[in-house]
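Sharing a structure, written as structure tokens. Questions coming.
Labels A, B, C and D are assigned to the chains in the order they are written; within every chain, residues are numbered from 1.
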Amino acid sequence: MAYVLGIDIGSGFSKAVICEDKTILSHAIMPSGGNFKETAGKVTEIVLEKAGLSPGDISYATATGYGAAVVDFADRSITDISCHAAGVCHMFPSVRTLIDIGAQFSKAIRLNDKGKVANFILNEKCAGGSGKFIQVIARILHMKIEDIGKFSIQSDNPVEFTTGCAVFAESEAVSRIAEGALPGDILAGVHKAMASKIVNLVVRLGLTGDCAITGGGAKDHGLVRAIKTELNTDVLVPEEPRITAAFGAALSAAENIYQ
Amino acid sequence: MTEQQGNGLATVEKYYSQYGSRAKELKAEGRKVIGYLSALAPVEIITAAGAIPLRLKGYVSEAITRADAHMETIVCPFVRNVFDAALKGKYDFLDGMVLPHQCDSIDRTNDVWNYNLNLPYWHFLNVPHVTDDPSIEFMQSILRIFIGTLEKFTGSRITDESLIQAVKAHNENRRLMRELYDMRKAGAPLISGIEMMKVLVAAMSLPVEESSALIGSVIEEVKTKEAPADAKMPRIMIIGDQIDDTAIVEAIEGAGAQLVMDDLSIGNKMYWADVDVTPDPVYGIAGRYLRKLKLPTTCANSGDTYQENLEARFGHIRQHIMDFKVDGVVLFIYKYCDPYGFDVPAMKSFIESTGASVLYLEDEYSTSTLPRVKTRIEAFLEMIA
Amino acid sequence: MGDTLVSSVIGPSGPEHRRLANKVMEEALASASIVFDDLAYVVATGYGRINVPFADKQVTEITCHAKGLYSLLPTAKTIVDIGGQDSKGIKLNEGKVSSFVMNDKCAAGTGRFLEVIADALGVPLEKLGDISIKAEKAAIISNTCTVFAEQEVTSQLANGESVANLIAGIHEAIAVRIYSLISKLKISPDVAITGGGAKNIGLIRALEIKFGFPVLVPPEPLLTGAIGAAIVGKEICERAAGSGEILKRSAQGLQEATFFS
Amino acid sequence: MADDKKPRALATQAAAKIPKFVRGNMSETLKAKEEGKKVAYAYINDGQDEIMRAMDIVPAWGESFSGVCAAKRDAEKYLQKAEADNFSRSLCTYATCTLGFDMLREELGGEVPPGAPWGGMGRPDMIIGSGQQLCDPRFKWPQATQHYLQDVPVFVGSMYYPPWDPNMDNMEQEKIYVKYATEELHACVSFCEKHTGKKMDWDRLAALVDLTDRTWDIFIDTYELRKAVPTPMDTGDAMNTMVPITFNLGTQEAYDYYSDLYNELKQKIEKNQGVADEEKYRVLWGAGLPSWFALGDFQYFNSMGAVFPAETTYRNAEKIERLDLPETNDPLEHIAWRWVRFWTHWYDKARQRPGSIPKVERIIEYIEDYKCDGVVFHSTFSCRSWHAGIVQQAEILRKIYRDIPVLIMEGDIVDISSYNEADTHNRIDAFIEALETSKTKGN
């Protein structure tokens, strides 16, 4: 029995997963903060402790994500795009279209039947469709990211956001609030705006097979609902969508051992 | 259109707020409706084909949601917005579209429109950018190609006679609109900039005779208005391509100014110059759209000197500033617009040389930026006060 | 009616402009120990000026910054206002605005840019200046888009770049944007900086390098607009007194206004 | 993700010769005065090259100058100068960079501003633009320039080609277009005669037009050698070797350059020398001008075994026989036919494949001929002409051809502020993984 580590240093959060072969033993999530190197060490410590293992027990470690380069103790690094694919394919084998909503980027990924990346597309150099959009709005509404979904879902009258810019959405939101718009409606508006940007990526890629959503954005029920509506199809969401890439990294680590 | 008599502005309000509704009605009665983009489209030819020319407009207060799946965001925000509106079905009642080659944003997306909308009739009118004699001859050739495709589509010939009739009808339409413009020369215009914007939008959504009737009834109605007290408000002219919503006008007039003149592609650019009635009507049409119509995309460098070129490009603006006693000019240019964008420094200094102040705004085709635009306009008015 | 500043209050803005407007007004009245009715005239300015129901007149921050700054630093010919939402350049001619520019639809070169970066680096906004002047070498920040600059900063940080150098790099980047914005006015000294950005010594230094000469900063940059608004109000009162006309005042008293919030 | 910071190395010696070539073109514009030659601001692919060469007019290429500024990461000061006079940041940065340079040079009374890359460009005696379909800046840029060089005469000609329309026969339209283009070229000659005080030597022109035909042919023959596996040269080099065909058309130097390159590539093929240590993936550069400040990214591809045996960008030539040009005694009409057919000769192919468009047909042909496993598009934010429509091309390619891995990169030609290396490399890494997948799936 071999233990493998998958570690995903994202621009927002760092995640680590330990698998015994292809089963998750433990996972850990923490903000990436300013010092990726330090965070990588810390999140690994935590995940090892949770699994009751020591560094020596890990036979292979694969790093992924924005800060993968700093994980010097990893045996190999792969992009988070492939890792998301591997992770999702293992959880939902029927998925062919994958949407990942990260802090900086949203991605649409098409998988082949082996769970490999057949084609992919990232949002333009504009944060409009990324998790950043939500963060900005949450900040001015003095609201916790995790509370956003439930507010948004109650709204049946989303505010129309005409700007795509995450930063200037703020001033638009401020004037809407001044006009008396409800927080729920504003959030629903944000979700609508983001969803249409994200769905455009899927359209450009071509929607095929079942669709899943991963990444921090997948924890936001309001956003997931908005995407379902725009896509006009149901979507699958992993139990803990944020660790998908780390899990995928662990899976590929497991494969590397037996090669 | 008898119901219009006396209540022209009410009808204008209806056609402004329900854009294209009249064309839809006529379509139901079996008329053909051809949508067109830009002031470069020779509406005379569409009219002569027995079809209704409907100017394509966007929806400034709507976010672009579907276009980005097919069209880059570096494309002119106006073009993207109209394309988005078309994808959302706002122009489903059209039989076809004509896209004149005004700029790269239209030329390079012609495929994208055609491919995604796939209407029964489609034509890209390849208008040249140069205005010398060979260009006039070329313009006539491509106008004949255009005529040919329309004849094929409608199944009936477009005779010179019908073209001449159409030319006369549209010249009359222009004459009437100019008469309405003249009413804004007064110290206190009888018609506000907001009303005028609605008239311009309504007028471009109707068959030419109905459009003329509507303008006529607006003139009658405006004439009978009580002349407002001659308020000392700054007189503003707005310059740009297609601004087809009252939002920006409200920002100007709401801040205590009067919009008395425009050089917009749905306004003065459409109505100032007539088509010469020539034995070969196509010759007159070519001359009007290539030489008389002043767009930054038709490169009039007829002159030998820079000054002559400036006159050819911007001379008409000085004329308007004098005729309409303009105090300040709002230069409203869309982001990603090469043709207008490269003109800004020259145009700005040309206008300032006439003594009028200039507020240059580079912006989106969207109300999302309105708060910032308002502040700039208010500050501009405070400045020239 | 004198020229002296009787009292001033600064409070954070936010979504509920109206309530905040009342709050700062009440505090200002209290510290001046007068009541609302003692005020001859009220002028509101700034991004939320329309949300000050009890104001008798709204004037843009451009005009007010000009007036305010001219009263504080009469030698200034060019004003650079670095606010939260946008940056402005104002050209002065005997205290009157002769031309102005504002940043386009992009947060680069505004206070927001600094806030976002400060957030990302976990450094308090007011500390940015002091930290950055300790930098040995400004990091190169190539992205102008706020969000992507933030990403660029985090990745450089991950690659071991020092916080001080990054902040210096960010100041450099903003100074570049602001300078090319202000250049449209054909800069002439003296140049004065106002707004929140003026409190950031690092940014001031970076701008001075671009301009090639030292700049002026009023004692309390955040107040410049409000002072200007007060001056506008004073002028209106004096003009009215001169011509003997009765000033039209807003129907909204301070108390009624609070019902809006 | 190894962060590849090595200085850019080139696969061919020919490519390494290019900086000298470009520097030569620029210093020509500075020497012209004492040699009594006239300098003209010119714009690539306007079809006026042979006319200028035949009249000893020295072309000064703004696109080349701005590209050099960008490659040296030294464009910002010029871009800012232009921006300070209200040229929007979203306008073509080739144009705004050169305009900023023009403004500074005028402030110095015509002297080249100190520190200008490679000595800068000399002040032009005339400006020769074109209102052709290539892009709007081609006729707006000259107008904007004259605002600062008010004494300099401007000519704007025109060279259109029939628009693609699946339901229309372009053949009959071509005559109209060629007639028009020919007349415009004649107008260009009269303009040049007027401002040089010389008469056109029509025999010399005819000779140069023939030289250009032969240059187009040898250029294509040379580039087709890149079909070899491993490919002896990739797009990273082609972004250099494009210089003679783009800026020196109608000169013997250009012809000789490609015959040298032809021989070099032949030798490399015999020695089985590739671009990458191990050629794993062959990728088509499907569309887009490069980010001149980030040409190192091609090496980043190479470092992962990905090479570009072909590109549509700057392959602005075709085998003359393939264009099937009608006979004519007027060299200018020949130029017109050559350029019009350069665009229209793809139309029939596109018409035969329902749902296709010429641009995509060209991409498909190169994918097949050069055995490509994927396509990279590059979208640059300040240029609409070459970059609006890329999303559409990718979509059509997927629908009518096959689901080949596609990467759309984003940047700009000159303005570095839109570029993010970490993000770009991240996208490339993922693309490589997608290529790997599709190859293993393929066989």
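Here is the rule we go by: contacts are C-beta pairs under 8 Å (C-beta built on N, C-alpha and C of every residue); 3 or more make two chains touch, one makes a residue touch a chain.
In this text the structure is predicted, and so the values were computed from the model without any measurement.
Undergrad: Listed by label, which chains are in contact with chain B and with chain D?
TA: The common neighbours are A, C.
Undergrad: Check A-C against C-D and say which one is joined by more contacting C-beta pairs.
TA: Between C-D and A-C, contacts are more numerous in A-C.
Undergrad: Please flag the chain sitting at the greatest distance from chain A, going by CA centroids.
TA: B
Undergrad: Just give me the whole-number Å value for how far the CA centre of chain A lies from that of chain C.
TA: 38
Undergrad: So, what's the distance in Å between the C-alpha centres of chain D and chain C?
TA: Averaging C-alpha atoms per chain gives centres 46 Å apart.
Undergrad: Roughly how far is chain A from chain D, centre to centre by C-alpha average, rounded to an integer in Å?
TA: The mean C-alpha positions of chain A and chain D differ by 40 Å.
Undergrad: So which bits of chain B are touching at least two other chains?
TA: Chain B, residues with two or more chain partners: 69-70, 335, 362, 364, 369, 371-372.
Undergrad: Listing for chain C: what residues touch at least two other chains?
TA: 47, 85, 104-105, 145, 148, 151, 155
Undergrad: Quick one: which residues in chain D touch 2 or more of the other chains?
TA: Residues 85-86, 381, 391, 395, 418, 420, 422-423 of chain D each touch two or more of the other chains.
Undergrad: Assign the assembly's chain-to-chain touch graph to one of these shapes: line, ring, star, complete, other.
TA: complete
Undergrad: Within their complex, state which residues of chain A touch chain B.
TA: Per the stated touch rule, the residues are 124, 126, 160-164, 168, 171-172, 175, 193, 196-197, 199-201, 203-204.
Undergrad: Spell out the part of chain D that touches chain B in their complex, as residue ranges.
TA: Chain D residues touching chain B: 85-88, 90-92, 95, 131, 133, 135-137, 139-144, 146-147, 150-151, 153-158, 160, 162-165, 167-168, 173, 176-177, 179-180, 183-184, 187, 355, 357, 359, 379, 381-385, 387-392, 395-396.
Undergrad: Spell out the residues on chain C that touch chain A in their complex, using ranges where they run on.
TA: For chain C paired with chain A, touching residues are 14-18, 47-48, 51, 85, 105-107, 112, 116, 120-122, 145-148, 151, 154-155, 157-160, 163.
Undergrad: Spell out the residues on chain C that touch chain B in their complex, using ranges where they run on.
TA: 47, 59-63, 85-86, 96-100, 102, 104-105
Undergrad: Contact residues on chain A for chain D in the complex?
TA: Residues 66, 68-69, 77-79, 81-82, 105, 110, 112, 114, 116-122, 124-125, 204, 206.
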